[in-house]
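Structures are listed in the sections that come next.
Two complexes, one shared chain (subunit A), two partners (subunit B, subunit C).
After this line comes the complex of A and B, so read on.
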């Protein structure tokens, strides 16, 4: 039970980092990134290839994975930063599929490595010294530390002038433009920053799971992250954490159902996704601001001078 | 050569049916319906169930599948999108994404993940202009062309078609002129989803029926719609035609001459078949960069 609980909390932590990074892009900046899983994959694969194929240590892998994901964020934002949100959505979805196709069709590092085989034996830091249970607890603490770090980062960015400029972009290009802000450049930075944080989650996942292959990174996973942000409340970082807790709990609770109801695991997996899909539609219809709505910041000293806030 | 043209036409037929429906819903409701492609497996599975479980003739069960999809489109609007008319397109987009997953996973739970085939006897291909072609493939192309012609007639010569075009041009003005917009919206959902259902049945006839069959063509379908100028049905047809050819011709070009330019000396240099979906993506990015309003669309930004 303890093992399952540490496993569950670690997974929740990793997905919380993903949800925070999407919240930076969507909740704050309003970028409809439907390819978020690509950053996760690039982080995981970047670190895996560095540690397994090149043979560096995990810290180098982590930095490499994060930088790769951040660079990709900037790269897909470069040609698309001026697009409308609906076009943006489909191009990010397509870009994520291209990343997955690339890793599915490319074998890096030997005959049975990469491509559809994926990578196994990804180094798990300190596993030999700590043993299985010790590693589980160590990794949970590590992930919790990174969740706190990511939380601090996005919270800090939100309070900065940069974060306020991102919020201005969300409401349309006119205001930032009038203030002399380059909306395109801000979008590129938001994509790179969010991408880097999501890449961090990917690195953590790869070294936790010790195995990755392209089937882990399907568009469905992007939707899971979205459901966390929508359920929790877009724009509020606490909401992203709450959302990832609830969605992962639903997602993993079906393990226990599997023994209790006469439905096979595959069908149960589908029904679980139907439930999350319906839940998100209901949230959009009846609770559009999520469980933890974004606080509307009021500036006391400027209140209603122009007759509006 | 003839074979490539033929394969491209089959691909274009299925893409066109899906892209026209997508672009229609966009033209009236102004949001990209990510659930749209999921009507393809819905139509295919209903037709399959009609043909195998109920033992109906395939043509009849296909008609039932198409009708069920049309009804499902109206139902989706009634249950979800009607309540979100005043929301931002982003929210509609996410709701559609969620609905799409719900539809797809429901089908997967009912019919299982493994691919199925329509109960058709094996056919010997015949030779047409040097290309080997089966009767089923001819039926695919013919039914897509017939649908496009009927649709053109509907848009041009019927009151409903004129009203649909008016609602697409300017919903407020259409309403002010006495066109009951909600009725038009229902018609658009019915026709668009029914087209997607037929597209799914044709896809299933050409290859196989599986839960991901709709989502796996989402990028080419959106690309065709955007290429033609989203909101323009004729543009979507043209976009599907261009894309169908691009995918098949792109894979059959020997790029060795490009290799020799950069110093790679190979006799054969083809795009690996695994990268076929990437062709649509490259097209998409190129179109978005160079002509975001599409081939036929007016500037809209």
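After this line comes the complex of A and C, so read on.
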């Protein structure tokens, strides 16, 4: 039970980082990114290839994976910056599939490595020293630390003038541009930052699971991240955390519900997605701003101190 | 005499078969409030779009502050000190009045990610300055009791005021106002006219599109009249508004005015 709980919390943490990064792109900047899983994959594959094929240590793998995903974020934002929202969304979906199919059809590091075989024996830091259970707890603490770091980063950027400018372009380019804001450059940076954070989640996943292959990174996974952001409350980073907690708990519910309800495991597995779908519909109908709505920063109290009337 | 602050030279712009601007040469000199009037569909907004970079002219040049600006993107033109407002409110509705104002200042250190990391002190100072200026402007445009109201909840007139306040935060060399009093509560119109006049006496330059002739008379030192994409008159406000062809252009097309 402890082992499963450790596993579940680690997975929740990794997906929380993904949800935070999508929240930076969609919740804050309004970028309908339907290819978010590509950043996750690039982080996972970047670090895997560095550590397994090139033979670097995990820290280098982590930095490499994050940078690769961030660079991809900037790259897909560059040629598409002039597209309207719906066209832009489709292009991100296509970009993610291109990334997945590239890795599916490319063997890097030997005949039975990469491609459809994926990669196994991805190094798990300190596994030998700590043993299985110790590693599980160590990794949970590590992931929790990165969740805190990612949350701090997006929260802090949101409060900065940078975050304010992102919020402004969320509702259209005209006014920000008329005020001298480079909307395209803001968008590129939001994609790169969000991409880098999502890449971090991918790195963490690869070294946790010790195995990756292209089937892990299908478009459905992007929609799982979306459901976390929508459920939690787009624009509120705490909401992204709450959303990932609830969705991952449902997603993994087969393991603890299997004995408790008179439904066989296969049906239960399929019902998970139904449950997530129903939950999303209910939230959109009754709580359109999510469980934890976006918060507005108040300034009225600054008046007496600053005011000059 | 010195070069005009803003100058368009033979600007043409058509949309398909419709010629919106047919060789417009306009001059705006520093040190006053210039008006741009004309009946609906005469090309005023298109001219504003061309000047502010939201539309590129087919032919012709736009010069501002001694340099060509036609073909530049709107944000680059704004950074050179030419800021515009819009006829309809396009402001971020979910952002509050104060957030809208604080968005406006240019060269904000905190809009850079790395700078935000390494120069927190500079950001604080800029924010404090911006906040102070924002409260002054809010008092002038009578929105100081609604600093934390989402822009989307304001009335149409208040949204206009917000847009102007935002533009004022920038302290531009030239401020283009697209119908600043249309839809504004008559009691507030006097206030807006007063604000514009006060700013003008402090050296702020304006180019204003406006339909309210009383306001044009009270505000503008000079006016240019556009009709069917061409300038039909230009000069001191009182003289231009008395000309027959100007009256005809207005009366022939605008019933009840």
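Going forward, the second predicted complex is superposed on the first by the 290 of 309 C-alpha atoms of A that agree within 3 Å, B and C clash if a C-alpha of one lies under 4 Å from a C-alpha of the other, contacts with A are read in each partner's own complex, and residues count from 1 in each chain.
The rule is simple: contacts are C-beta pairs under 8 Å (C-beta built on N, C-alpha and C of every residue); 3 or more make two chains touch, one makes a residue touch a chain.
No experiment lies behind these values; they were computed from the predicted model shown.
Engineer: Quick check on the superposition: with subunit A as the shared anchor, is it clash or fit for subunit B versus subunit C?
Structural biologist: fit
Engineer: Of the partners subunit B and subunit C, which touch A:189 in the superposed model: first, second, both, neither?
Structural biologist: A:189 sits against subunit C, while subunit B stays out of touch.
Engineer: Considering only the touch criterion stated at the top, classify A:157 as touching first (subunit B), second (subunit C), both, or neither.
Structural biologist: After superposition on chain A, A:157 lies in contact with subunit C alone.
Engineer: Contact-wise, after the overlay, does A:114 reach subunit B, subunit C, both or neither (first, second, both, neither)?
Structural biologist: Touch partners of A:114: none, neither subunit B nor subunit C.
Engineer: By the touch definition at the top of the document, which applies to A:165: first (subunit B), second (subunit C), both, or neither?
Structural biologist: In the superposition, A:165 touches subunit C alone.
Engineer: In the superposed arrangement, does A:270 touch subunit B (first), subunit C (second), both or neither?
Structural biologist: first
Engineer: Between subunit B (first) and subunit C (second), which does A:296 come into contact with in this model arrangement: first, second, both, or neither?
Structural biologist: Second partner only.
Engineer: Given the superposition on chain A, what is the angle at the CA centre of subunit A with arms to the CA centres of subunit B and subunit C, as a multiple of 10 degrees?
Structural biologist: 80
Engineer: Which partner chains sit in contact with A:176 here, subunit B, subunit C, both or neither? Use first/second/both/neither.
Structural biologist: second
Engineer: Could you state the shortest Cα distance, in Å, between subunit B and subunit C after the structures are superposed?
Structural biologist: 11
Engineer: Show me the subunit A residues, by the header's touch rule, that subunit B contacts in one structure and subunit C contacts in the other.
Structural biologist: Overlap of subunit B and subunit C footprints on subunit A: empty.
Engineer: Going by the contact rule at the top, pick out the subunit A residues touching subunit C in the complex.
Structural biologist: By the definition above, subunit A touches subunit C via 156-157, 160-162, 164-165, 167-168, 170-172, 174-183, 186, 189, 193, 294, 296-300, 302-303, 306-309.
Engineer: Under the definition above, what is the set of subunit A residues touching subunit B in their complex?
Structural biologist: Touching subunit B: residues 30, 32, 34, 79-80, 83-87, 89-91, 93-95, 97-98, 101, 104-105, 219-220, 223, 226-227, 230, 266-267, 270-271, 273-274, 276-278, 280-281, 284-285, 288 of subunit A.
Engineer: Once bound in the complex, which stretches of subunit C touch subunit A?
Structural biologist: Residues in contact with subunit A: 52, 54, 73-76, 78-79, 83-86, 90-96, 98-99, 102-104, 106, 108-113, 116, 123, 126-128, 131-132, 135-136, 139, 144, 147-148, 150, 163, 166-167, 170.
Engineer: Help me check something: in the complex, which residues belonging to subunit B touch subunit A?
Structural biologist: 31-32, 34, 80, 83-84, 87, 89-91, 93-95, 97-102, 105-106, 108-109, 112-113, 215, 218-219, 222-223, 226, 230, 272, 274-275, 277-278, 280-281, 284-285, 288-289, 292, 301
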